[in-house]
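Some structures are shown below for you to check.
Paired with chain B in one complex and with chain C in the other, chain A is shared by the two complexes that follow.
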Partner chain A sequence: MEGRAVTYRADRLILAHFGVAFATFAVAIILGAWQMTVRSGLNPVFTSPEAYFASVTAHGTIMGYVMPTLFVMGFGYFVAVTSLDRPLPNTRLAWIGFWLIMAGVVMAMAPVLAGKATVLYTFYPPLTGSVFYYLGLVLVVVGSWFWIALMIWAMSDWKKDNPGKPVPLAMFGNVANAFLWLWTTAGVAAELLFQAIPASLGWTQTIDIGLARTLFAWTLHPIVYFWLLPAYIAFYTMAPRAAGGRLYSDMMGRLSFLLLVLYSLPVGMHHLFTDPEHGTGFKFLQMMLTALVTVPTLLTIFTIGASMEIVGRLRGGRGLFGWIGALPWDRPMVLATGLSFVLLGFGGFGGTINMSYGMNAMIHNTSWVTAHFHLIYGGSVVTMYFAIAYEFWPKLVGRQPLSLKPIRLQLWLWAIGIVVTTFPWHVLGLFGEPRRVATFDYANPAIAFWQPWTIVSMIGGYIMLAGGLLFVWNLVTLYRGPEADRQMHYAVALHPPQRVPSALNGFALCNWLLLFLMLMAYGYPIGQFFFIKDYPAPIHRVDLGG
Partner chain B sequence: MNEQDIQKTERRWAAIVIVAVAIMLAVTGVSSFVMAMHPPSHVETTDPTTLGANKEFAENNLGASVNPDGSVTVRIIAAQFAFVPRCIPVPQGKPVTIRVTSPDVIHGFLIAGTNANTMVVPGYVSEIHTVFNEAGDHLMPCHEFCGLGHSEMWSLVRVIPQSEWRNDENGRASCDIPR
Partner chain C sequence: MSEALPPPTEPSAADRSWCLWASVLVGAFTLISLILALIVLPSRSETRFDPFTAICRALGIPGYAKIPPDPGAATASAPVSNVAWTVETRRLLSNASATRGATIAKDTCGVCHGEDGKSVDPAQFPNLAGQSEAAIFKELRDFQSGDRKSDIMQPIAASLTEEQISDVAAYFATRPRADLRAADSGVLLKISTLARIGDPARAIPSCDSCHGLSRSGPEAAPLLLGQSSPYLEQQLKDFGTGERHNDFFKRMRTIAHQLTPDEERRLAIYYQGMPASN
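Take a look at the complex of A and B:
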């Protein structure tokens, strides 16, 4: 397949999205490392509950909403122009979306810094912060809806001009993510618009907490898959080519993307296993549905493993596992894929414990949970974001890296940092260390033995910080590198499909299935709040000191 | 490698995946039905604004009390930024029911080293059933962010051997039992 240049006036658009994503990311990891220092009992400067929880709110808001949303959008625009080889249907709309998000970020972060919105990124009504925080987040979401529209529009234009042809796999995954995001944001958007914002404007004095928590849980699980999909798209459409081979199977990619969308939405209630406002039956149903999310991941591991095995054997690798050593690990995308799989393995193990609703009670809301999501998200997903940026940035600015060494060092630092940070957190979680606690009284003999573990974890945090800052530095040095060509090549399947069934080439069936699954999973659990006798709780304003 | 080979290996792998997931589902399914491993989930509502006037959660009714059948019920209020009461005695080896609710914001409830773990949501009563098999103290932190004092919100659960257990004529016990 011919490579396609990133032209069509999308370069600056994509760089703007990536640039802000990674600039805010750099700020957030500094806050993360400082949080670790506070928890270790070493008393860095500014240690106070106000500062700690404002910092966690900022760190969570950036890592949860700002950085990934902008990254996924920039990624989507890049994939759209390069894989379809045509301009975006409307660049101006894309810029409008971007500037809405910029306005939203400023609007949301200002009250957080002023200590007027210390509600964490999960909000937790009846805690109620400054209205600007919520309005800012609404703008971020609304800005991202422009992206959704553009992705769907771009794909349907292409299909019209290429009747019967399979949509390029990267774009197919990308549009899957757009639909996923549309469904995902509905929950949190409803909570913000109908509950949090009216309360913080003083229009209502109480909030139905059960409903608010359920709407948030609706978003909280699939949002994770929204962050994850670019990593999966890179596994399928970039890693095999980076290794010098081909993708084992294009169909498996399509199937996995669809299953990720289908299975990630109707399962958010597993975040509410220990909540009192839902009965056992629906929790059980959603637990069972949650287990299915492992299916697309297992399929992916197989397909990517098989793609890589072929390369390894061609390069002379022998025996059952010899091909692994024969892979070109010096290439960033290959190394990142390997590290990402390892971290995904550790994180997935923790995840199956979280998912089993009996065992969940052992670790719910302890440091175990922080460990789990930093491994999966900070570890396996962000590692792929790095690799994707290393792949895309040179095409966007037309320059090659000076050397691959600092890139490899960076990926290793990050992966090691994640492991050193999260392993002690798992242990502490099993001992019952609660999450989101700023200071521990290590003078208490019952918890004194926690401190050494916390300090190890903090050291891991600083290793990650070093890795994260080196990443930013590596991008900066790109601007001094030798000229590079601006063609983007995606991995080609061993047997590129000529035609694919329409269910694997579009999203109509997927959306109908989703409607059905969501009604089944959430129909009663949300409906109940409108007909059982429940009591809304009075709001607690944190911005007015209440 | 031709297309048929690829499809054959893929089908085999898909079958392995389906079997693996089915086993996983069966294990969790069976353990939750047979061993009754359920999360706290009986949807019981209560008005958070009138907890003080609510007989069950009135101040003098909080803490541990022995029921006529010998089992123990513990009633707790989680409020910014303390649990009432701060120390909870429970007898070793007897079934204990914990009922907890909040008058203000969301809190978390965890007895470290056990499976007793629940969210405490204003407007709802969370109920946990458990048995403590070993004597000794357990930490009981608030595990959900509930405001700036969240880090200070800790209590204690004291598991007392049955031979040392004392309660008054109303079945009420406190942590001051001599040990």
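Take a look at the complex of A and C:
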């Protein structure tokens, strides 16, 4: 396939999304390191429970909503113009979406900084914050819906002009993520509009916490896959080419993306295993469906492993594992893919514990959970965000990096930081250390032995911080680099597809199956709150300070 | 890349079989999971196969749980207070009328606590002006039920209805409080630290976290600032000995019995406060 230049006047649009995403990211990792310091009992400046929880709210809101949404949108616009080789159907709408998000971010973060929305980023009533926090996040979601529309529109326009041709794999994954996001946001949007916002305006006295938690669970799991999909798209469409090879199978990529959409949605109740509002039946059903997510993961590990093995052997690698050493590890995308796979392996192991109905009780609401998602999301996903930024940024600004050394150093620092942070954190979780607690009484002999573990974990946090700041620095120095080729090339499949079944070239079947699964998985669990039982609780307004 | 294929006119056989098999696989997996979840697992180790009960149990419909509730559990330990912060209690409080409460305050409470909530003898009778509504409500209900003992208050509270109690609580909550701040210059740093931060080594949390102005602790924790020091000291002593025991989960008893008499006295002075302009 020919390379495509990033023109079509989307460059500034994409840079705006990435720029804000990574600027807020830099703020959030500083908060993260400070939070680690507070928890380790070293009493840094400004230590107080209020400051800690306001900080966790800001950190979680940025890392959970602001940074990834903007990153995924910028990524999507880039992939759309480069893989389809045509302008966006409507650039003005894309900018409107962007500015809605900017307005939303300011509106949401102001009350967080003022301590009026210290509700963390999971909307679990009866704790209710300032209405501006919720309205701001609604704007973020609505802004991202513009992106969804543009992605679907871009793909269907292209299909109209290229009848019978397979949609380029990168764009296919991208539109899969757009549909995924549409389904995902429905839960939290319903919770915000019908529950949280009326509560924060004082229109209602009570709030149904059972329903609220269920609607949030609807969103909480698939949002993780929304964060994850760009990483998977990079595995399939960028890593094999970066290594100098081809993608082993295009079909596997399509199948994985579809399965990720299908099996990320009807599973969110695995976050509610210890909640009383649901019976065991639907918890078990959703656990079974959760387990299916291993299928696309294993498909991906197999396909990318095979793609890389071909490269390694062509480069002279021998024996069962010799090809691994023969890969061009000096290239950032290859290195990032390797590191990301390793972190994904550890994180995936932890995840199987979380999703097992029985074992979940061991680690519920302990530091294990925070460790798990930092490993998967902060570790394997964000590592790929870095690699993607290193791939796209030179094309966007037409400059090459001065040297690859600081880039490799950055990736290593981040990966080591993640391991040093999260391994002790997992251990602490097994010892029962609760998550979302600001300070611990290490003078108490029963938990005194936690402190050394938290201090090691904190050191890991600072290594990550160094890695994160070096990332920003690397992007800044890029502007001083020599001129670069602005053509984007995606990996070509070993056997480029000529024609694929429509089930693998569009989303109609996927959406129908998803509708069926969502009705099965959430129909009764949500319906029961309206017909059988409800869980009203008095609203607790944190913005009223009393 | 090869030449474009002619556009498909009708769904090909391959497309149809993808749709069919994907639907069959998804449907079969869901069905098997549902049978396991709703029938097989909930009827494990049952003597009689009874799918209806199994399904109701798996759906969490009340009355079908495997383990019947322990009838002894409810009577095993007497509650320390009969007040529960249910939605009904909240509703009662939010419907309370300060105007109706004012009449009761004048006729009944004013003689000791002052009509406007400024006590005639603060060492004996606490100031009620600006006290939290929930706190006044809970104490009156506890006097009523005998969960808090007082020869004076018990008959008075017993003569009031629940609505009257919430009205009078609403009334005193709206009365202006004296403009005070904690007497931090009057006590040792150790004492103000205890009040603001607590003492982790003794597992004593900060008093302010529940009783401070921006408190976020239990619903009914009263504001302390502005009560007289003899009154506060007496309450701490009573909690310490267990003489007073209407605190949920023994929160205050656990804390108070660890305080030394000197700390009790000084904390009481701290919370008696001093003029804010000082």
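The rule we apply is simple: the second predicted complex is superposed on the first by the 544 of 546 C-alpha atoms of A that agree within 3 Å, B and C clash if a C-alpha of one lies under 4 Å from a C-alpha of the other, contacts with A are read in each partner's own complex, and residues count from 1 in each chain.
In this section, a residue touches a chain if its C-beta (ideal position, glycine included) is under 8 Å from a C-beta of that chain, and two chains touch if they have at least 3 such contacts.
Because the structure is predicted, anything quoted here is derived from the model rather than measured.
Colleague: Once the shared chain is lined up, is A:Leu409 touching chain B (first), chain C (second), both, or neither of them?
Modeller: Touch status of A:Leu409: no partner.
Colleague: Once the structures are superposed on A, label A:Ala446 by its partner contacts, choosing first (chain B), second (chain C), both or neither.
Modeller: first
Colleague: Which partner chains sit in contact with A:Ala537 here, chain B, chain C, both or neither? Use first/second/both/neither.
Modeller: A:Ala537 contacts both chain B and chain C.
Colleague: Which of the two partners, first being chain B and second being chain C, lies in contact with A:Pro163: first, second, both, or neither?
Modeller: In the superposed model, A:Pro163 contacts chain C only, not chain B.
Colleague: Kindly classify A:Asp275 by the partners it touches after superposition: chain B alone (first), chain C alone (second), both, or neither?
Modeller: A:Asp275 sits against chain B, while chain C stays out of touch.
Colleague: Is A:Val472 touching the first partner chain B, the second partner chain C, both, or neither of them?
Modeller: It touches nothing on chain B or chain C.
Colleague: Looking at the overlay, what does A:Arg435 touch: chain B (first), chain C (second), both, or neither?
Modeller: first
Colleague: Which holds for A:Pro496: it touches chain B only (first), chain C only (second), both, or neither?
Modeller: In the superposition, A:Pro496 contacts chain C only.
Colleague: After lining up the shared chain so the two structures overlap, which partner does A:Leu509 touch, if you call chain B first and chain C second: first, second, both or neither?
Modeller: second
Colleague: Does chain C touch more residues of chain A than chain B does, or is it the other way round?
Modeller: Between chain B and chain C, the winner on chain A residue contacts is B.
Colleague: Which chain A residues come up in both lists, the one for chain B and the one for chain C?
Modeller: Residues 49, 277-280, 284, 288, 292, 439, 528, 532-533, 536-538, 542 of chain A touch both chain B and chain C.
Colleague: Taking the touch rule as given, give the residues of chain B at its contact with chain A in the complex, in rising order.
Modeller: Within the complex, chain B touches chain A at residues 1-3, 6, 9-10, 13-14, 17-18, 20-21, 24-25, 28-29, 31-32, 35, 37-49, 104-106, 108, 110-113, 115-127, 137, 139, 141-151.
Colleague: Where on chain A does chain C make contact in their complex?
Modeller: Per the stated touch rule, the residues are 1, 49, 162-165, 205-206, 262, 277-282, 284-285, 288-289, 292, 439, 441, 443-444, 496, 498-499, 501-504, 509, 513, 516-517, 520, 524, 528, 532-533, 536-538, 542, 545-546.
Colleague: Which residues of chain C touch chain A in the complex?
Modeller: Residues of chain C touching chain A: 1-2, 4-8, 11-12, 14-15, 18-19, 22-23, 26-27, 29-30, 33-34, 36-38, 41-42, 55, 57-62, 85, 87, 90-91, 94, 132, 200-201, 203, 209, 214-216.
Colleague: Which of the residues in chain A come into contact with chain B in the complex?
Modeller: 49-50, 52-53, 118, 120, 124, 126-127, 208-210, 213, 248-249, 252, 272-280, 283-284, 287-288, 291-292, 294-295, 298-299, 302-303, 306, 310, 352, 355-358, 360-362, 364-366, 431-432, 434-440, 446-447, 494-495, 528, 532-538, 540, 542
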